Amino acid sequence: MDGHSITMLGTGLIGDFYTNTLHSQRGRDRVRMVYSRSPERGAAFRDRWAIPESTTDLAAAVNHPETDVVVIGLPNFLHEEAISLVAAAGKAVLCTKPLGRTAEEARRMLETVEKAGVFAGYLEDLCYTPKSLKAVASVRAGAIGDVTWVRSRETHPGPHSAWFWDGRLTGGGAIVDLGCHCIEIIRNFVGKGNRPLEVLCHTDTLVHPIADEDNAVALIQFESGAIGQFEVSWTFRGGMDLRDEVAGTHGTIWMNHFLRTGFEMFTTGGGSGYIAEKAETSAGWLFPVGDEVSELGYVDMFSDMFRAIDEGRAPQETFYDGYVVNAIMDAAYRSAKARAWEPVELEWRGGSTPRIASTPELYERQVVIKREVLPDGRQKLILKDPTSGDFSDRVIEAG
Amino acid sequence: MDGHSITMLGTGLIGDFYTNTLHSQRGRDRVRMVYSRSPERGAAFRDRWAIPESTTDLAAAVNHPETDVVVIGLPNFLHEEAISLVAAAGKAVLCTKPLGRTAEEARRMLETVEKAGVFAGYLEDLCYTPKSLKAVASVRAGAIGDVTWVRSRETHPGPHSAWFWDGRLTGGGAIVDLGCHCIEIIRNFVGKGNRPLEVLCHTDTLVHPIADEDNAVALIQFESGAIGQFEVSWTFRGGMDLRDEVAGTHGTIWMNHFLRTGFEMFTTGGGSGYIAEKAETSAGWLFPVGDEVSELGYVDMFSDMFRAIDEGRAPQETFYDGYVVNAIMDAAYRSAKARAWEPVELEWRGGSTPRIASTPELYERQVVIKREVLPDGRQKLILKDPTSGDFSDRVIEAG
Amino acid sequence: MDGHSITMLGTGLIGDFYTNTLHSQRGRDRVRMVYSRSPERGAAFRDRWAIPESTTDLAAAVNHPETDVVVIGLPNFLHEEAISLVAAAGKAVLCTKPLGRTAEEARRMLETVEKAGVFAGYLEDLCYTPKSLKAVASVRAGAIGDVTWVRSRETHPGPHSAWFWDGRLTGGGAIVDLGCHCIEIIRNFVGKGNRPLEVLCHTDTLVHPIADEDNAVALIQFESGAIGQFEVSWTFRGGMDLRDEVAGTHGTIWMNHFLRTGFEMFTTGGGSGYIAEKAETSAGWLFPVGDEVSELGYVDMFSDMFRAIDEGRAPQETFYDGYVVNAIMDAAYRSAKARAWEPVELEWRGGSTPRIASTPELYERQVVIKREVLPDGRQKLILKDPTSGDFSDRVIEAG
Amino acid sequence: MDGHSITMLGTGLIGDFYTNTLHSQRGRDRVRMVYSRSPERGAAFRDRWAIPESTTDLAAAVNHPETDVVVIGLPNFLHEEAISLVAAAGKAVLCTKPLGRTAEEARRMLETVEKAGVFAGYLEDLCYTPKSLKAVASVRAGAIGDVTWVRSRETHPGPHSAWFWDGRLTGGGAIVDLGCHCIEIIRNFVGKGNRPLEVLCHTDTLVHPIADEDNAVALIQFESGAIGQFEVSWTFRGGMDLRDEVAGTHGTIWMNHFLRTGFEMFTTGGGSGYIAEKAETSAGWLFPVGDEVSELGYVDMFSDMFRAIDEGRAPQETFYDGYVVNAIMDAAYRSAKARAWEPVELEWRGGSTPRIASTPELYERQVVIKREVLPDGRQKLILKDPTSGDFSDRVIEAG
């Protein structure tokens, strides 16, 4: 049962989540070395998670002789440099979301790892939440028919660290921070081979005194006809709202990953301690989650990554996926500026997906628009005359 | 305690809902005469609701000597003729939604009633749901600060009557049927004096073999900067989904009017009978509502209408509101065609609304982007240097 | 459309709820006179609800020449005197819950109205919530098979008025205040002709420095074998929790009447005003209800009462029902003292109800304990050998 | 990162759950050998979970030279024999719930492992659900004040295997199957050092043609005054209902572990496959859970067990806990028979717990029963005169 020995780059909130996940339960993989730009934060992180070593030397961290996997939990503008170092070291690299600040940057990172021939995983945790994994499997098994519309929503009152707010370092605002999650969730439901064609996006800065968007909504048109809709905000009040809704021709899926998961607590405020990520209050009605790293997908994400390394296969989320996400975000920003639909520009590796289509049912040479079962068991048909275009009702016996 | 004597025009589902509401509980208003294009449906309706008379003569119904109020529950393409007759008769007129098929048609109806000087109410029930009324009052009282975004969603598997599916008779598809509700709900939350400037809309026909849209999503830009977002569908599976979500600078409101209201039933299917509007199944887990006409706003809507008549004041929802809704829907259809934002063209009677704005807080000459309370009681500030545009964190003592 | 003219006795919270209901929407019944022990509270109530007159003279209020119905919203210890006066006046009397402090007192009031031959209604609002009415109708229609267990729960942080806390004036603690609701809800679901045989009850005073119980749980054994379970508390934190759960042989019903009804609001606390009965906070996550008097059953309750008067029939909830409730509460107190089951002592007017029973299905001369459908469509039977008493599994083809 | 090598005894549903958990994610512990009474079931299980060996020889399985931990997933009547074998082998033993069929049997097993000096863990998964672990931690941190009442509910339509239905093999019915979970959940919330004194229980066989109870409800009186209430049923319709509710003097916790966890799916039935444990339907509205073995506590349970072995400490759930649970169940059965409270007879190793008590607050020499904040900021006090016992209201300024 040999595990992996890991170099962790970065000691922010995401580094904590990653290491907490890796070191939790009966995991066999361990962080061996941690890199931080600050010696103090590095030492504190090392002690907090019982890691043997910390350093402020990025190259030394990447090239640590005992580690075979490097996890990148650094701010967006530092991904490219780190990935180049890891590729040069010939180690497996797992990079946090978003992959790049732009599709162009992401494409370069993709080329780097492909040239080097190293394993590269895209750490998109929210595609791995237990609910999402089961829901995607149900969709694949046909439980809701053809997917027509996927809504993914991620909102909270704004990030905890300063660099998130600086578009020069991140590539944008709430879309780059949160929309990247939503886009990849949507792709998992409509199918990764389903080409994203165009994007229609609106962005606005409604509350915070910043240059980048603190609210955005966008539509993605896929080749099958399915629509992906994402909603992101840094101005939501009440905690962190993570919901996905999938509509199909024969069913519906609703998932709430965080703020309403069957755990409710009222307190007059006597206790203390951490409630949940982005929680706004510590008294009144609170809505914790059970096991945060499990509910947010970190556990299943790392299992997939390390198993993929062990099995010599690609993980569910690859650098190519990260590149597609960046390409869609680029189109979103262009659309918001153009105030109109904009094409998604990307080097497409997926195949072609046919249009959602059904041969309309006929009844006595009329097109059946809808069937309803009446309380007495008979059926009501709504019919369209293909010649005149007129609509009519008809009640018929069952069968 | 004198009530009103009513002529009801139309005997479809909406006529049943209206009359059920008027004749329920201890109401003092009664339907005296009902008009139907079909004598059989008219007679059945008359008997079902214990109404003294039915007729197939529209003018006779409107001019019945004992009624003082006429309620229009007819298909869209018959509204204008009916309103003209009622205006000529000098009676109060209450017209179902949408007012017209286009803003131009709605404007003519508005002129008709204004010239005749008759009371005219727009029967927009979903603006009167008990939850909406209380939520709007909370918003007015400042409970969530400035409204930034309102999402209103109405979806179900498609209408019950044939004429709904014929865009020639209705003016469109799911937008005209359902979007009109959402638009007016949104206006109640952002404020009716808040001018709708532009609309961005996407429509698609994903499932039904019809010419008009069975799915649509749109954004409405209001003068204050607030965004209204509506989502409508005739392809939703699982019942009828009516949800409104309001985001403000200091709070959030979530309302579920139909499918998740605290009433859940599992049945192996032994019972029988009506479950709820647009319910799809009669076995398994079902989600009825308690008092449907109350939860859907009909009770409060008619109370407001008849009180407004008695008190000589305008009701909450007027023909002018109906006209604004049509103008926004027209812009939505133009936008969907143009694939870009389109202006709302209307004769604006509201005033001007200032932009949502707050003077940014300063801390030692830096702009405060966000304040977070840490577990130990201290505060973490995210600051922006107004000169360099750089962001930084600062932890300070509380106070 | 003639309504009724009412004398209202009492100006506490319940008087407000009653009058608010009667004067709301398009109701045709009006309070004509209000009685209060305090002239100030009487005058304030009169002005609040636009009532023509108030008085401190109980007999004058009851005998007001223009009223034909008297509503009693007085503390428990004043019910008997008021009912005697109304009966002597020959008017219809509607009395709030609980009818008496003991079954003996309730029996005397029942005799008083029966001797006088006046209409007497028991104002048990929670049996009339829209959800309950629809759920009871579903149960009657067979939707969940035979009722096996009914749980009714009513808890909050304690009453608002001093007299509620004084067992000498009320007859007890949380059972008398809240359990009376639960018992009658349970009776509506198991059937009012289903005789309550025995009660097992536990009471405790866990938080408040009072002599009576602030927490209780009880089981009621009905003749059919069905169990009623009620849970009441004056120490619940977080608002008012009103839930009913009904288990049947073929289904389940869950109802939440107050704290989770599809209306959720987060506020940082900027707004103001009344949130909901027994709400504990005005910031953070709040859970208002839409139309409180409708959701709590007051609207349907008064509709039934006044219609029953108009139609010369008994209402759904009668003084006899109030007497049965008191008899069950008496048994509960005796059981809590005896720490064992105690019989319900009452003059039973209902009939006899057969035991819930089903003839066990047989499969090859074995008793079928359970059938499960396997994923492959086959069925798994759990069988019991009637001779040996041994259990075994068997997988068979469907059909 | 060395893990443990395990002998698994039993190949039923629980063996699947256990092995699924152990072999999932990045776990470092592996099942090395599986024992089944049936060679076919053993081989199938072995192949399903990629286990090296299976056997029908219990002693050989226990004494496998490479395993150091034995997990018992056998029917209740086989626990004692298996535990004796493992103790003799000197290996760590982890036994499924309930430990014994009676307290006497459980006490013997406890003695066996204590005499042998082997590690012994009680596999009570539902005490380890992520929500429960976080909730217990919140309670310990004081978030809800003193615990006053804990309700734990576990119900479903009945077990999948024949032996569960045979009280001779299990020790009883739904209490032995499900109540054992609830009792230990309750103990975790009230504190394990809080002695259970007495039990009041009602059992009934309402639906299934069996000799043991298919429904039961019970109260457990703890030394602190706290009440534990458990509700179990084998006749619930709609899936598996797992809910825990904790009431405290300053707060409330509600947990739903299974049927309402923020994952909702509607399907017309086209798909296929496993939905969730005890699910009753595969069409209509379904409520899956995300990661079943995580949500049901198996992951955290095994982590605690193996860490405890590695660290040489006791696990959270020990054989002594299993013995206490049996003692409480024995008292429940005695109480149901006696129809009255019965003492819990057990060898108590915990200490003594003081009665929940608070010194009543005084205001001008009167006892404060309740404080309410009024909308205008003033406070309303309900006071009790300690001499007369009379209650009164008083409104005072805040502060």
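In this document, chain identifiers A, B, C and D correspond to the written order of the chains, with residue numbering beginning at 1 in each.
Operating definition for what follows: a contact is a pair of C-beta atoms (placed from the backbone, for glycine too) under 8 Å apart; a residue touches a chain by one contact, two chains touch by 3 or more.
Everything quoted here is computed from the prediction, not taken from an experiment.
Comparing the chain pairs C-D and A-C, the larger number of C-beta pairs in contact belongs to C-D. Of all chains, the one whose CA centroid is most distant from that of subunit D is B. Once the centre of each chain is set as its mean CA position, subunit A and subunit D turn out to be 35 Å apart. Separating the CA-averaged centres of subunit C and subunit D is a span of 33 Å. Separating the centre of subunit A from that of subunit C, both taken as means of CA atoms, is a distance of 48 Å.
The multi-chain contact residues of subunit B, meaning those touching 2 or more other chains, are 144, 237-238, 250-252, 266-268, 272-273. The part of subunit C that touches subunit A in the complex is made up of residues 237-239, 266-268, 280-281, 283-287. Of all residues in subunit D, only 144, 148-149, 157-158, 160-163, 165-166, 168, 200, 202, 204, 206-211, 215, 217, 219, 225, 227, 229, 233, 235-238, 247-252, 272-274, 338-341, 356, 358, 360, 367, 369-370, 372, 375, 380, 382-384, 389-393 touch subunit C in the complex they form.
The touching residues of subunit C, when paired with subunit B in their complex, are 1-3, 24-30, 129-131, 133-135, 137-138, 141-145, 250-257, 260-268, 270-273, 288-291, 294-295, 299-300, 302-303, 306.
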